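For reference, the structures are reproduced in the following blocks.
Two complexes come next, and they have one chain in common, chain A, joined by chain B in the first and chain C in the second.
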Partner chain A sequence: MSATFASPALKEFDGLDWPVRTEENWRFGSWKEANLSGLETVGAGTTGELPGPLEGFERIVFANRDLVSGSSASAELVDGSFGPTSRLGSPKLAALHTAKSKHTLHIRSTTDVSLELIYFVSGEGLFLPGVVIEAEAGANIRVVKRFISVDDSAAIVLTATDVRATENSKVTCLVTQELNENSKLIRFADSTLQAASHAKLAVVHTGAKWVREETYSTVDGSDAKSEILSVSLPGTGQEYDQRTFQHHGARNTYSNLLFKNTLFGKARTIFSGLIFVDEGAHGTDAYQTCRNLMMTDECEAHSMPGLEINADEVKCSHGSTCSRVSDEEIFYLMARGVPSKDARSLVARGFSVEVIERLEDEQLEALAMEVIARKFATVD
Partner chain B sequence: MNSETATVKQVALEKDGVGNFSFPESHKFDAGYGLTKDTIDYISKVKDEPAWVNEFRHKALETFLSKPMPTNWATKDLENIDFDAIRYYLSDGATPKRSWDDVPPEVLETFDRLGVPEQERAFLAGVEAQYDSEAAYSNVKEALADEGVIFVTCSEGLKEHEEIFRPWFGKVIPTGDNKFSALNSAVMSGGSFIYIPPGVKVKHPLQAYFRINSENFGQFERTLIIADEGAEVMYMEGCTAPKFETATLHSAVVELVAMKGAKIQYITVQNWSSNVFNLVTKRGLAHEDAEIRWIDCNIGSRLTMKYPGVVMKGERARGEVISIALANDGQHQDTGAKMIHAANNTTSNVVSKSISVGEGRSTYRGQVHIPKHLKGCKNNTECDALLINTNSRTDTYPAISVKGNQHVTQHEASVSQVSEEMLFYMQQRGLSEAQAMSLAVNGFINDLVEEFPMEYSVELKRLIDLEMEGSVG
Partner chain C sequence: MSLTIENLHASVEGAPILKGLNLEIPAGEVHAIMGPNGSGKSTLSKIIAGHDDYELTDGRVLLDGVDVSGLEVDERSRAGIFLAFQYPAEVPGVSNANFLRAALQARLPDGEEIDAVAFYKDMYAKMDELEMNRKFTSRAVNEGFSGGEKKRNEILQMMMLDPRYCLLDETDSGLDIDALKVVAKGVNSMRSANRGFLVITHYQRLLDYIKPDHVHVMADGQIVKSGGAELALELEESGYDFLKTA
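Take a look at the complex of A and B:
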């Protein structure tokens, strides 16, 4: 990338501060983890073993920043970052992406397209992938994005996605984060929905030692529908910090967020979500649910569900719960011959399934369940 | 009385020499505008306080000055408080007699509509300095004294009952808890001290009307209630009638201590006039099997920030916050609850209902904290908000921290408006739109209003009717 583009971004980056403890957007969060000062971008990487193909999907494979194989008529690699913004507490990190990211994968379509992006991550250092998904009128875009560690080194993945759904388009996106437990992931997931568009954005987190995810969904046209889904399965030594924002800027819009965390060992999760309804955005339907299933006595969950409503004639609710697998459920299964350990695992898996089913896409559901099952096999 | 007057004169003379304090008559106290070390020494001297209290105040002042405004999470409206334009201490004697002509007509009308007795009206409007509660409550007081109940002002408490007062004073809410608790600790005056001996169950609710104050005088009440083992008490503060107040800052601290098996209910009805910043810290400490309930109703003020809390320190302790907030044009009701679970099998419940009318804004902020290595803690939080007009606003910001899998917490919040069908149904049966709306709103908070003592709930309903007027159509 030419220096002329990067230098103002670098200047902006230098002028900003790393997150600090007192920032409301970092409440309960490990703000020190976000300090990436002195980190260099990662060099060329290696590819790992390719997962089985998804039928009907075009596959594009990256090893760190380099495109290794695959192409699509709907995807183009563009120089430089698309310039993500952080409205949830990490402008410095967003500026870092803008200043240092090598290229952006630009996906654009007016018809049906299914793409599978595989990012093999290896070596230490900063990896800054960026994706823009532009669904034009009538398009139906399905994207699977997988982050897979090739080795055990402590990688830092700072990734940004921007979904732009124009009128009457549909986007379904599943991100699976399968990094090793030495790595960090910082992810900006923005989406803007115009009238009568529909976006389903789902993420499954099983790996990494620390995840910070900022999801900002702007529902800007009437009859637009935004669904935000997440399944997290952290264990000892893992901390997932997810911040979300459902912004309703037009009349008769819909958004629904469902996050489910199953916490093992000494896992720690933070969820902070806000439904924001602009003045005049009447007829908004917005829901937000965060459920924590506590599997051990040492795990820790923080939830901050929020609402800011500036218009009437809206239907908004949020709910947050924390509990463990109920004794009755275990008893029921044990009475039918299922050992107690398996019973617990079964109930926990069933807990995640409710989120995955919302994808309403058999292929994506099967992939998500496969990633979840793999994690369940490693925890007790 | 004579000796007191003498001391006063003396103080007045000394002060005249030192600073720019001014008090036109020798028997009136006025600490002047702004807050300095001298203000504190002045208050201590006037109140003839022991040295430890003066020291406590000075430390608190340092804390207050060193703490930043909590604008990183709270409303920027706080920046409009001019701490130098506030008089921090005026004694009763310095209250200027206000004439009926100074009282806004809408306040007078409200008195009429609520049916406030003539004498109370004068007190509430600030025309009369002190509501003569002595006569009305003397019987109650006598009966209480027989049972060993102490019910005095806070300054009397710290002087005359130091052995009970001091061990708990500032323990539930430490000075440095927040900027405004530090401010209160520095300049506190007024408020009650109540001690209920073991096993005594006080039948009548204890009630305290606030002292009325003169212009630009922030109120800094300090209340400490201790219910000893197995004791029970209900305390009520405030009243449903609007308090005509030109003061801009009210910052109280209320501490409750419920010993083993004790029960405390603290009921507040806040209806300050709409120029008041009402920044209050309230917290209770519940020991084994004890129960603390905060029942809170906020109707008045410009900005209220109040998050009553319960620290459940003993096993099976119970905490509850029930709150109703009504925010009308120009008002921001920023209320909530704090539940700190610090022992096994403790339970807490928060039910909050808010109504935003016109351009009013109501906010719920909550905290539920369950630390490591505890078992069997439960929390239930429900927040419901009702929006009446197009530009009404409501926010909800809870924070729930749970460690371990032996607990159950649930939080739910919803926002809704009065349904068209409901209004249509009632209008069909001959109610005007305003009446129908009022009925619907009363229905929304009905289950909470029932928690208030009868006379309060009747007044509350009338008051809500009044607030709702003109909001529709």
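Take a look at the complex of A and C:
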């Protein structure tokens, strides 16, 4: 019999509990999906067909945990997880990332960088990529992260990103998720913004059977601006569960969250968001909007917007809507000869456009619209 | 060749609005319908276009002899009916160009793709004619447009889709005199021996710019009087009081 020497991270992981039904941060959520006990990390993977290049972007390609091609002077692969934290209900999953992730891609720059990261996912088991984006003063970093399934295996992607925008820097990050519908995605997306920095963090979800995403943005320096954007297009058998926290820790800060979900078939979405303004964070300007477009009578959207203000002279708003496709819009399009199905598709696609346009980056907008179009080609 | 409306009866939420309306619009002619509020003018245009909220209870609509009463809205459009709306819908996120492309694409046989270069060339030429800024191609359909811009956009669509019969539902409402002239110019440029027009309006003013061949007065769901262009002038002069004594 041999002794087992667990790392401190593994010990922490062992000491924590899997999410439970009674936890507020898992309200309406499928907490059982988050129980990953017994799962092993995925082995070596294969690459799929590479998407067309993004002009001006350096490209780094991973097949499961292995880097297969590409490099950048601004990116370094370092051993182990950077140690994400979960403040929105999943410390056990964050600890799992810390204990098991093989490496972190650390992106750091003081200048303009455009980087595309492609993650090909194959085989069954846990895949735990991690990225730190550190924008130093004057930097303008654009990162595209694309998750693409190579096969139909039930992969579990547990991914963490930490954006650190120092004074006078800008980060734009677009994540596109096109995993197969047997897979799960759990994603921690943290950002910390110092004075006069600007972070624009966007995600487009079209794949996976279950997504749990925890986005925590700390706006910590005056004139910092955090934008959080999401487009989700789930269909039957898909559930997307997104929890967000916009944390204003300094005076004169700005955040704006816009999520749009278009639900097809028997899709299910959960959105829970909180704007939290610290004491003394006067002059905060914060907005949070989640809109759901229900394409059928059988889909289900839960929204829980929230606001807690502990400062003065604050402008905040939060809201959520659920609506059906407008009959008036459909009639108008059909009166011009567009068939009913195409009219509904045009309106539904148009619904996401407001989010995509906020990227204010033609290349990224085009990429996001491509991903959306691919999904629309598969739904009725 | 004509758009023929035979003994049309229609109701909205069970309330009868059209009560046996007959009208023939031969290709090459412009017919105007005037009438007091609530006489059923807009209902007539919606019924011809095929709106679901309006129930056809009797009668039929023939397009060049073919009964289109049972067709869906989009099928009627592709068959050649165009309704220029009094209140055009706003469609967020769908650009004018994409919308028009989808409408034209729907008219092509399966497997045939629209020629993008020719499409833009044609659209820009027609926008110039309507004095529309080209930025409207990338703007969402009617979103944030002024009343006049919406009406110009309706006429742009009409010009692009090249319909057989055009129904203009109070196209003059919300237009200043300059916009009215531009819109009328667009409509007049489409007048031809192969195309018919039905112009619904409250005011003679529009008919100064789009000269009708025939004017009809509608009241309580029926055509109650028909005449030439001079009838519109009479109505402008003396209103609809004659209906009360008729």
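Worth a mention:
Heads up, the rule we're going with is that the second predicted complex is superposed on the first by the 374 of 380 C-alpha atoms of A that agree within 3 Å, B and C clash if a C-alpha of one lies under 4 Å from a C-alpha of the other, contacts with A are read in each partner's own complex, and residues count from 1 in each chain.
Quick note on the criterion: a residue touches a chain if its C-beta (ideal position, glycine included) is under 8 Å from a C-beta of that chain, and two chains touch if they have at least 3 such contacts.
All values reported here derive from a predicted model rather than from experimental measurement.
Taken together in the superposed arrangement on chain A, chain B and chain C fit without clashing. By the document's definition of touching, neither partner reaches A:Gly237: not chain B, not chain C. By the touch criterion defined above, A:Cys316 lies against chain B but remains apart from chain C after alignment on the C-alpha atoms of chain A.
Once the two complexes are overlaid on the shared chain, A:Pro8 sits clear of chain B and of chain C alike.
Computed from Cα centres after superposition, the angle at chain A between chain B and chain C reads 80 degrees (steps of 10).
By the touch criterion stated above, A:Asp297 is placed in contact with chain B alone, chain C being left untouched. After overlaying the two complexes on the shared chain, residue contacts for A:Gly43 are found with neither chain B nor chain C. Legend: residue contacts after superposition of the two complexes on their common chain; A:Gly56 is shown touching neither chain B nor chain C.
Once the two structures are superposed, chain B and chain C can be ranked by residues of chain A touched, with B on top. No C-alpha atom of chain B lies closer than 16 Å to one of chain C in the superposed arrangement.
Those residues of chain B that touch chain A in the complex are listed here as 72-73, 372-373, 385, 387-417.
Within the complex formed with chain A, the residues of chain C that make contact are 49-52, 72-74, 77-78, 83, 85, 88-94, 98-100, 102-103, 106-107, 140-141, 157, 161. Across the interface of their complex, chain B is touched by residues 22-24, 27-28, 279-280, 282, 292, 294-324 of chain A. Of all residues in chain A, only 326-329, 331-340, 342-343, 346-347, 349-354 touch chain C in the complex they form.
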